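All remarks here apply to the structure that follows.
Labels run A, B, C and D following the written order; every chain starts at residue 1.
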Amino acid sequence: MAVPLSWYMLLSLAVFSIGVFGFLSRRNIIIMLMSIELMLNGVNINLIALSHYIQDLRGQILAFFVIAVAAAEAAIGLAIVIAMFRNRATAHVDEIKEMQG
Amino acid sequence: MANMELQWYHVLIPFLPLTGFIINILLGKEVTRYKAHWFAVSSVFGSWLCSLATLQDVLGGKIIDADLYTWILSGTFKVGVGFLIDPLTAVMLIVVTTCATLIHIYAIGYMHGDTGYYRFFSYLNLFTFCMLMLVMGNNFLQLYFGWEGVGLCSYFLIGYYFNKKSAADAGKKAFIVNRFGDFGFGIGVFMVFLTFGTLHYADVFANVSSIAGKTVNFLGLNVDLPTLIALLLFCGAVGKSAQIPLHVWLPDAMEGPTPVSALIHAATMVTAGVFLVARCNPIFNLSEIAMNTVAIIGALTMFFAATIAITQNDIKRIIAFSTCSHLGYMFLACGVGAYAAGIFHLYTHAFFKALLFLAAGSVIHAVHTNNIQFMGGLKKYMPITYAVFVIAGLSAGGFPGLSGFFSKDEIIWSAYASHSSVGKFVWILALAGAFFTPFYTFRLIFRTFFGEYRGGLEAEEAATHAHSSSHGSGHSSHGAGHDSHGSGHDPHGHDSSHGSGHDSHGGHGHGPHESPYIMTVPLMFLAVGAIAAGWVGIPPLLGGGNHFAHFLQPVVGHPEFHGTHAEEWGVMILSTTIALIGLGLAAFMYLRKTDLPERISKQFSLLYKILYNKYYVDEFYNLTIVQPTLKLANKVLVGFTDAKIIEGIVNGVPNLIGIFSQKLRRLQTGIAHHYAIFMAAGAVFIVALVILLS
Amino acid sequence: MVSIGFFIYFAFAIVVLSLLVVTRRNPVHSVLWMLLLFFHIAGVYLFLNAEFMAAIQVIVYAGGILVLFLFVVLLMNLREELSIGKYTTFGPTGFTFALGLFVAVSMALSSFIAAPPGKYSIDLIKQETHVKALGKLLYTEFIYPFEIASLILLVAMIGAIVLAKRRLKS
Amino acid sequence: MEQVIMNNLNYPILSTVIFLPVLGALLILINRRSWETLTKWIALGTSILTFIASIPLFTHFDKTTHKMQFVERFSWIPNWNIYYFLGVDGISVLFVLLSTLCAILCVLISWTAVTNKIKEFYIAILLTTSFMIGVFCSLDFFLFYLFWEAMLIPMFLIIGVWGGPNRIYAAIKFFLYTLVGSVLMLVGIIVLYLYSGKTFDILTMMTKNYPYTMQIWLFWAFFAAFAVKVPMWPVHTWLPDAHTEAPTAGSVILAAVLIKMGAYGFLRFSLPLLPEASKAMTPVMLTLSVIAIIYGAIICLGQTDLKRLIAYSSVSHMGFVTLGIFALNTQGVEGGILQMLNHGVVTGALFLSVGIVYERTHTRLIADYGGLATEMPIYSSFFMVFTLAAIGLPATNGFIGEFLILLGGFAANKWAGVLACTGIIIGAGYMLWLYQRVFFMEVNPKLHGLVDMNVRETIALLPMLILVFWIGVYPNSFLSFMHTSVQHLLERVNSGGIAQEAQIAKNIMEVIR
């Protein structure tokens, strides 16, 4: 007996929601970035599961691109963290409000 | 009348002066310089010869109506540059080219040594071209072309001494006042096109009977169509011929050099209005109201201008008002249907008035002032000028046997014989005019040529500096301003005195001197005209054939007058007597009892002031039209509508957005988590929405 | 049954590990828990016949991205990190929204309708091998996006260098 | 395509004319910054070449047809049915020529006046020229919009970089004003695109009929773009600022060509695409035109700044143009087109003239002048001719245009005709007063020793002078371009109604009644 699709979806949703929670609540920017990775992984699980169940490889292609974008995003994000850390000596997002209008 | 093909000499008439203009304006500064008159005079003389040839054709019963080329073509609107040469045109051609030639020659002497010599002659040539185009045109638009063209040249020539503010102002005033008249004229032309579908004279006049009695909705009013068209066209004539209420520009136009005043503001341009009315006589004839308007406007102008003339002291302004007055005579004649008489007076007037102006120019040339209070006794210094001046004055005053007598008499008789109430009214005014004309003309002559020489320019300058109250009545602030303005000497006076090297310090032993022959010979020719030009129109009563009226009859028709020979004799004797009384009174007041004028002006100081200030018409216009318009421009439009309302809205909208965004930017806290929370909230909201909606 | 059992294990592990990642005070711990998490996710991919994706997951995420994270964490001041609160003032709000999202979407799951099956059946993939099938698709139909992805990575690379580079004092 | 005549020259003349300036701009771009003279000569050479290249449009134009000529048509973006579609007819061909002529004069007049960022300046001038020509040639709405908006950029830079002291304000005002209008036009274009079966082809669009209510909406959308460009009252206030602050060449381009695009837009798009709406909106448009004429004229009397005065006179003159166009009869429309040309010539020349004297005195205040006729006689003669043309003296071009417009306007609506005539009186007033204050009277001591125009400046003004008299004396060589096109346009506008000739006949009958 195969695992139903909805289980995978629930799993993906759970991972995504945990990522959201982490992103919204943590003050450390690195953890926030990791939360984003979590969310992306959640999405990937969903994509690959769907790709499997509806027999269409394009879902995996999309996941593939997501991974590529995630890598890019991590690189840029972490570079920003370094720059920020160098200038402000902090990794705490709530201490920075340079963009206040 | 047989039609005839356009000949080369017809075309040359206007285009010779144009050539002269082009040569002088392009080469004048470097090449022709003080030889500019060679091209100018020869071109005008050439066109005079061509005009004679043309007159020959027309006397032979030929009529020419031909287009040179199509000027404007747009849909049904088609108008050409073309010539209509009929008796009326032929008369005008002779008047224009003769006067132009003589005045060109005179100007050689008068403008001698002036820095803008070539410029002056090129403008004169351009003027001649435009005037000839005006009278030769075969459609309304070409008339309009010449009309505006002569206006432009008038602007140039009045403002010839452009360094002088008063001259520049006068030029501008002439142009703009004329534009008011042209406003009506232009609309009249539109109406003609909308009514007849063409602007070609022949086509319009052929169909003119079809509009008799028709009414048209014009700006919400139902008006009689022929009246409307005729009055609109007459607007233009009022402006150009300086009739009330647009007469104000003509006196100021005397800022121009004297040959200009003679050519443009006496002999030719100002008579264009009369020409227009005569040309459009088929339209005017359809409307009783229009005819009466023409007659009354003419008569009123004639009367009021004459009354103003008796108080003025500027020699040229007196003659200018006299011109106004005589133009009024011409309109009066047209208004009672005697177009031929009007044109006849135009023709004789051209000679004697040009002569008056040129002789006045000769005087100014000698004494360097325009103010007759500082002249006097010139008879012995300038015999030729004196002689021609008297001839011109007699002719203008209607002394029997001279040109002016015949034409004026014919007008007065026509007014009397028209037997309408309007005709009677204008007849009385015409008789009054017959009194005033010799009076002010001879007042001028007596003040200028008789008595003792009163010092010329030096005396005037001394008087001006001493602020002497030279005029009996009190000075209003304007009056004082006007004095210095009105008696401003022709600035040319200085130039010529230095240029010709004469010692002209009048009043210090050396009197003024007679002008050179180049100036006096044209005067003599004109004097012959002033005496004899009228002999072509001697009425049958005096044994003549009135050839002039018969010549023009194909164009302007002949009014039916009901009058006996006895009446005609009576009217003639009456008017002559009145004229002689006027002359005699002038002689009495200015030769015998020279203190009388002063006393009279003291006695009737209010009347004198009104007359002297020309009924305050200029002041009235300034107060009601010029100042409000400038105020409207400065205070309302620039300062309020544009700056406050429109710019207020234009700048107000961005400002509002700016204020709003100032409030809105408070939402941007700069804290990353706030944005994240909003995003998450948005996501939840959208998902919830999708679920609820599905 | 076996597969269900495995799935339950993996699913349970993934959820627990995810929670550990987002709740650890020490970033180093988070990174290490995440490493374990990625291996588990790769395992899930294997269940789904996506062995290439599983490989990528391990190589790119575990091998590449996480190492990057680790490096950055090591640059930071961990002592201060350990001494102050790990959550911002929005902790409860964040939790509420995350839960709300979870509940809302899971409610929506019941109405999910799968698309009709495509041509890439499991048999086909097995027959053609997963990598080849994926590669064919990637280099034909998705060649432009693929190239663009490479450009994005290039830009990210340059961008990262530019951002992280120490400014030279002029 | 039976609506067009394919290009009967064996080369793509319109593309040549459009892209030659771009080529010149590229040449300048690769030129060295320090070789300023070469830059100028490249600019001059390119503009002259462009003008020469555009001459066959004048000589080879087939005046017997209203169809588009010299057509080029290539598929550009097939997905959205967008074509690279060029062509001219009797309405647009003269403006192409005016643009190319204007480019030469702009280069000539900037020769010594522009001293900083020379390369960029001439690039901007050449690009503006190219885009302007593109606007007049485009027969694809998308292409048209592209050129229309693209032209703003170099113009914005010309005002904003090389302008007077208050240039930034003026440039931004100019940009925003025109952009707001253009965006509404874009909406209109998209609506038309969707309604006319997904085509941007203007000629195809013209064959369709659109519901009346939609036409009204579209009319106002287009109005927003065109009226701002014209500029009609009351959206005119950008013009004085832009003109005043722009460098001479910028003012000339603005006056001579750019503001013609608005009126051209009405002719090319509003009238034929939205005939019912245009007819319905005639009273509004005539009213606005008359207000613009009188308002613009009176406000001129209150100006103290030379360029500002001429700018406001443009408002008045363009009021005549819109009056003629919305008279919707042959005389009015042909007069309107001719007056657009005239205004380009005359106002362009006036700005050139002001630029010439500004280069010497560095003041634009009228009060700082006086007696120039004594110091600069040749210059004052030129200025006099343009002044006279501006006040519509017969034998100058201004007369022909204004007369036809007033005739048409009078035939369409007597009130409009009569009120517009008052604008002519005031026009004479402010122009002559200006001339008097600047050229007549005593010489202002500050102006002593001014040198008269040099050869370069004379050459720059001479073509305008010739055009003033050419159009004034023999307007048919220009009017003849328009007859069939205007006829066709009016038939389209009046289709289902009364034919044009019949309408004039009706007017005549109405008058006689």
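Quick note on the criterion: a residue touches a chain if its C-beta (ideal position, glycine included) is under 8 Å from a C-beta of that chain, and two chains touch if they have at least 3 such contacts.
The structure displayed is predicted, hence computed values, not measured ones.
Steps from subunit C to subunit D, taking the shortest chain of touch contacts, total 2. Simply put, of B-D and A-B, more C-beta pairs touch at B-D.
Subunit B and subunit D, compared by their mean Cα positions, are separated by 37 Å. In whole angstrom, the spacing between the mean C-alpha positions of subunit A and subunit B is 92. Computed from the mean C-alpha positions, the centre of subunit B lies at a distance of 97 Å from the centre of subunit C.
The mean-CA centres of subunit A and subunit D are about 58 angstrom from one another, to the nearest whole unit. Of all residues in subunit C, those that touch two or more other chains are 88, 90, 93-94, 97-98, 101, 105.
Taken residue by residue, subunit A touches two or more other chains at 20, 23-24, 93-94, whereas all remaining positions touch fewer. Residue positions of subunit D with contacts to 2 or more other chains are absent. Chains touching one another form the pairs A-B, A-C, B-C, B-D. The residues of subunit C lying in touch with subunit B in their complex are 88, 90, 93-94, 97-98, 100-101, 104-105, 107-108, 111.
For subunit C in complex with subunit A, the residues that touch the partner chain are 1, 3-4, 7, 11, 14-15, 18-19, 21-23, 27, 30-31, 34, 37-38, 41, 44-45, 47-50, 52-53, 56-57, 60-61, 64-65, 68-69, 72-73, 75-77, 81, 84-91, 93-95, 97-99, 101-102, 105-106, 109, 112, 114-122, 125, 133-134, 137-138, 142, 145, 149, 152-153, 155-157, 159-164, 166.
Interface residues of subunit B facing subunit A in the complex, by the touch rule stated above, are 665-673, 676-677, 680. Chain contact summary for the complex, subunit B toward subunit D: residues 25, 29, 69-77, 141, 144-145, 148-149, 152, 155, 159, 162-165, 167-169, 171-172, 175-176, 179-180, 182-183, 186-187, 190-191, 193-197, 210-211, 214-219, 225, 629-630, 632-634, 637-639, 641-642, 646-647, 650, 654. Within the complex, the subunit D residues that touch subunit B are 173, 176-177, 234, 236-237, 295, 298-303, 329-331, 334-335, 371, 373-374, 377, 381, 388, 393-395, 399-400, 403-404, 406-407, 410-411, 414-415, 417-418, 421-422, 424-426, 428-429, 432-433, 436, 439-443, 473-476, 479-480, 483, 487, 500-501, 504, 507-508, 510-513.
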